[in-house]
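Two complexes are shown next, each including chain A; its partner changes from chain B in the first to chain C in the second.
This part shows the complex of A and B:
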């Protein structure tokens, strides 16, 4: 059964206003800003998918490139080498990613890996995956794969240029956010947070660790593969180092951590701020001084981490609650003072 | 109250009028600008390319502007709008969108390695804006043109032709060929085409392939494997870092039984001398090693020597001048010539001008040792894309040994 706050959120006008503004974006955005918006929304999808494992379950996965890569590379390879329709390829990639995710979770459960060991094991899997991709001709090897140009044929997993990919990436981002909210507000979410906070205690009260971890990793893997396949189709060129390399995972972990782990809105807000910021400063400063944009971006991240160690959203929530409490206290004070005021002779 | 008109007011007014009239042509001339986008991997793993290419592009466009700009556009000055793709293909596509939609550039020039070309080509096709790649190994789409050596005609065909010359003309007993290449996109592609070209000749036997791990810190184990296969010749594309590790391993194992017929910077980059150190470089680079390149600073080509003298006089170039710098200079000239032919800043007209571009061999704006000059074919590649083979001399200079048109000496017998 879902937490009632989930329905309260959906009844609130705020998400619908945000969504309405987002939907109208292609009408007023230039192609450059549109491409930044598309990239950002794909990263929202990746961050949300990672958050299920890294944020809600507390498993620091550095191997999500396996799922993203499976989505982009396998789907494209099946289409280019065997002529398999990309929609079917996406389903195959999602199923394989879910299974691989479940196997990794099983390993975690079976060998009782700690957080650090889990991170290192997933990192090792990611490296092996990259080497397999680079050495396999069917998957394009180091040369990558090049999809045919998009002609807008929806049945062939084509979405027809910037506007189509904007709506695709927006749909995927909203879908990934909903999946996060559904998990967090469902019994699975409670179990996962319990496991994250104290695994032994969670097992002692009867939570099925293996099942919960496998389900969360499978959902996260399948979602990552789905977004990866869409991102690959948008890019046309399936660069093995981009999709199967570690950089994308690190970027996703970084934005999710800066936003605040465990909350769906942390990764969302951080991605919506950091990815466009990085793109815009590179666009405007990239040609001025080599590395200046990277320096500014890095310095800002360090400042945010130092000033808000829990992340942007939890810090903002704390600030808001403190402010509200102060406001309530300020309102209560005169009432209290009125209540304590000695009665006047007239009142007598 | 009416203001009194004095002599001083009249003189001031006349001076202002005369100044405005005289200044008008200058203002008009200043306003004539052609925006040229420039995308390079200024940061990230491919930044070494930008270090070579960006200073040369900037230098060349300054030179063109000083020489009167684009004459068919009334002396319009070229304004470079620089962008950094952070060595990521996806980022390059975004930067191309920015340059086209925000900056309204007429043409884009840049490093554009093959993966970047693949990612940017759909953007150019959609916006109908042409681009010139300095180092890409192939062209894609309807608006990309490349000056880089292509994997097949540029690297593979020239290498196999040189091998044939060593066997047939110089009578070197080369039969067993081992493919040794950097395991990245360019290395794999060149290897694929080399294998295909070698298959055309029954004389050669490909005895194996040794892809070199790009992340490895040492190639001794790879060299042990190479030595165990006892090849007559080793062929393949290796980048500068890989070339350094390979020759270090060769020196350590004292392996001199095969001839290296190498492609890419791993054999031809002058930085190899610095990376290897004098002793190892003298023992390896100058012995049984030939490198494919389009550039040799000792090449007897007047246009290139004039350019080298000019850039040396500026003292601005900290990086060693090599093939990428040469390509960058040529790319700037291509941009200048197509803008001259188009006589317009409209990207579609600039694109159409590529089919009319013709820079003859011997032209001061042509910097390659290619008898066919520079014209782009229907595949958007130069029609004459031949390269040279050089060998290193003990004084760090390169001697052209192939093709015979430009050769300064014959390849020495195996030592």
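This part shows the complex of A and C:
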């Protein structure tokens, strides 16, 4: 049932080379850059999870902090308060996130929310979620939760130092990307694209709107929770404003949009470029003039959006195709001239 | 095959269809005529389950399908080719056709259905890899019909397939619809083009302000002075 392009991609050497280089990174990267790489890879995971809903299905969800927060906060709270193993906690958080995602999709379907209403409803849910977290002692309240020191005990959802978390975040990022590619090349992905292009037409030809939306939101929610839990364990201090606040979602949505929605490669490339860029200029300029790095980062984003409204990757694809076509045209020209006979003067 | 009785439907507080009753027999070619705003598209959308019925029943082979979600209705064999074609512009022609077979029932015979559609519209085969948005209006209409056929319909409802097409394409499309009917497919054709519909359909209905006012064969309708009046909406 899968589209053959999925297997072509797997057979191509490019992803494997990239992966090999990534796997070897801890050997040559300094700790400062390693921490940036880990952060970036977690963001890739978030962006890929969000892309299932925001990119493939075209539903602008601003409520993904619910899922990220559930993953990080609930897993930690269950462990700290009830002693539930974090692996089990992750499973619980993923199931709950999937259910919450399905319910949000059901609301979207039942009340026929448009794009704007969907964005606002998810935003409202995210606000409510943050307030619930802040007001619930079990979830750490406003002061957050602190996980015990990481001793590298894998069975306790501990991954050791930077290298462990690098490989954890790398495998999560690759897993999330694979999930995206699997969905895109499966019938579900085609149905979701139909829904994104035209909901009425999709319904008219017999696509089950509710089921497709619920499944995509559930997968996206569970994946966000999974990455959220891992990110939480990495950060040790579970800050409610970081995990349940809106900033993380907004940043993911922003970066994904800059990359270009539609394929997972837009959000992927943009995350790989922008998150390290933001971190590096913060590292180098943060001490020079506070706020300067945010200003540069913001200005750059504005410029990219103005210059390439469709996003980085689609624009680059267009440019590449145009260049190639021009190259082909240039090659054809001499042949065309050779085929033409030189005009001979008329004889009378 | 299809029995509609006392169907009332509309949007918000406004009723568009009032007490509409009609039957379509298996293998028939029924035309549904009417001026703008007569409620033709609402009727088709109601039969598809896109617009809920307020009162009345829609029966397909005795089974009540009113209130069923659209995909269940498509699964049972009622498929519409929506007005304005509504193809998915960024998807290739082939993918557009493939998503037409979204139901489990239609996925089994997909390859043979695809061949059938390409035999009916060779143009689609030529443009298989192209994004649907780059097709001309007529080609998009062919694609929309092909997409409908891929869900393996028993009753194909076409909503204004001639809309915005050049006369040449209108002929091609109508010849194809006629051929589909000859091969056994039941057709419900919604049109504004009176003569074209009467020349194809074995029986026609005229809808006026949400009510069926005339029903009969082409000759009966041509002779009925009411047709012109209803049609012009006077």
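Operating definition for what follows: the second predicted complex is superposed on the first by the 338 of 348 C-alpha atoms of A that agree within 3 Å, B and C clash if a C-alpha of one lies under 4 Å from a C-alpha of the other, contacts with A are read in each partner's own complex, and residues count from 1 in each chain.
Here is the rule we go by: contacts are C-beta pairs under 8 Å (C-beta built on N, C-alpha and C of every residue); 3 or more make two chains touch, one makes a residue touch a chain.
Keep in mind that what you see is a predicted model, and the values were worked out from it rather than measured.
Applying the stated clash criterion after superposition on chain A shows that chain B and chain C can sit side by side. Here the vertex is the CA centre of chain A, and the angle it makes with the centres of chain B and chain C is 140 degrees, a multiple of 10. When the two structures are aligned on the shared chain, A:217 is found in touch with neither chain B nor chain C. When the two complexes are overlaid on their common chain A, residue A:143 makes contact with chain B while staying clear of chain C. In the superposition on chain A, A:176 contacts neither chain B nor chain C.
When the shared chain is aligned, chain C comes close enough to touch A:203, but chain B does not. After superposition on the shared chain, chain A has more residues touched by B, the comparison being chain B against chain C.
Superposition on the common chain A brings chain B within a closest Cα-Cα distance of 39 Å of chain C. Chain contact summary for the complex, chain B toward chain A: residues 38, 42-43, 47, 50, 81-86, 88-91, 93-95, 97-98, 100-102, 114-115, 118-119, 121-122, 125-127, 140-141, 183-185, 187-189, 211. By the touch criterion given at the top, residues 187, 190-191, 193-194, 197-198, 200-201, 203-210, 262 of chain A touch chain C in their complex. Per the touch definition, chain C reaches chain A in the complex via residues 48, 50, 69-71, 73-75, 79-80, 82, 86-91, 95, 98-100, 102-103, 106, 147-148, 151.
Note for the complex: chain A touches chain B at residues 30-32, 35-36, 39, 134-135, 141-144, 146, 149-150, 161, 235-237, 239, 242, 279, 282-283, 286-288, 290-291, 293-294.
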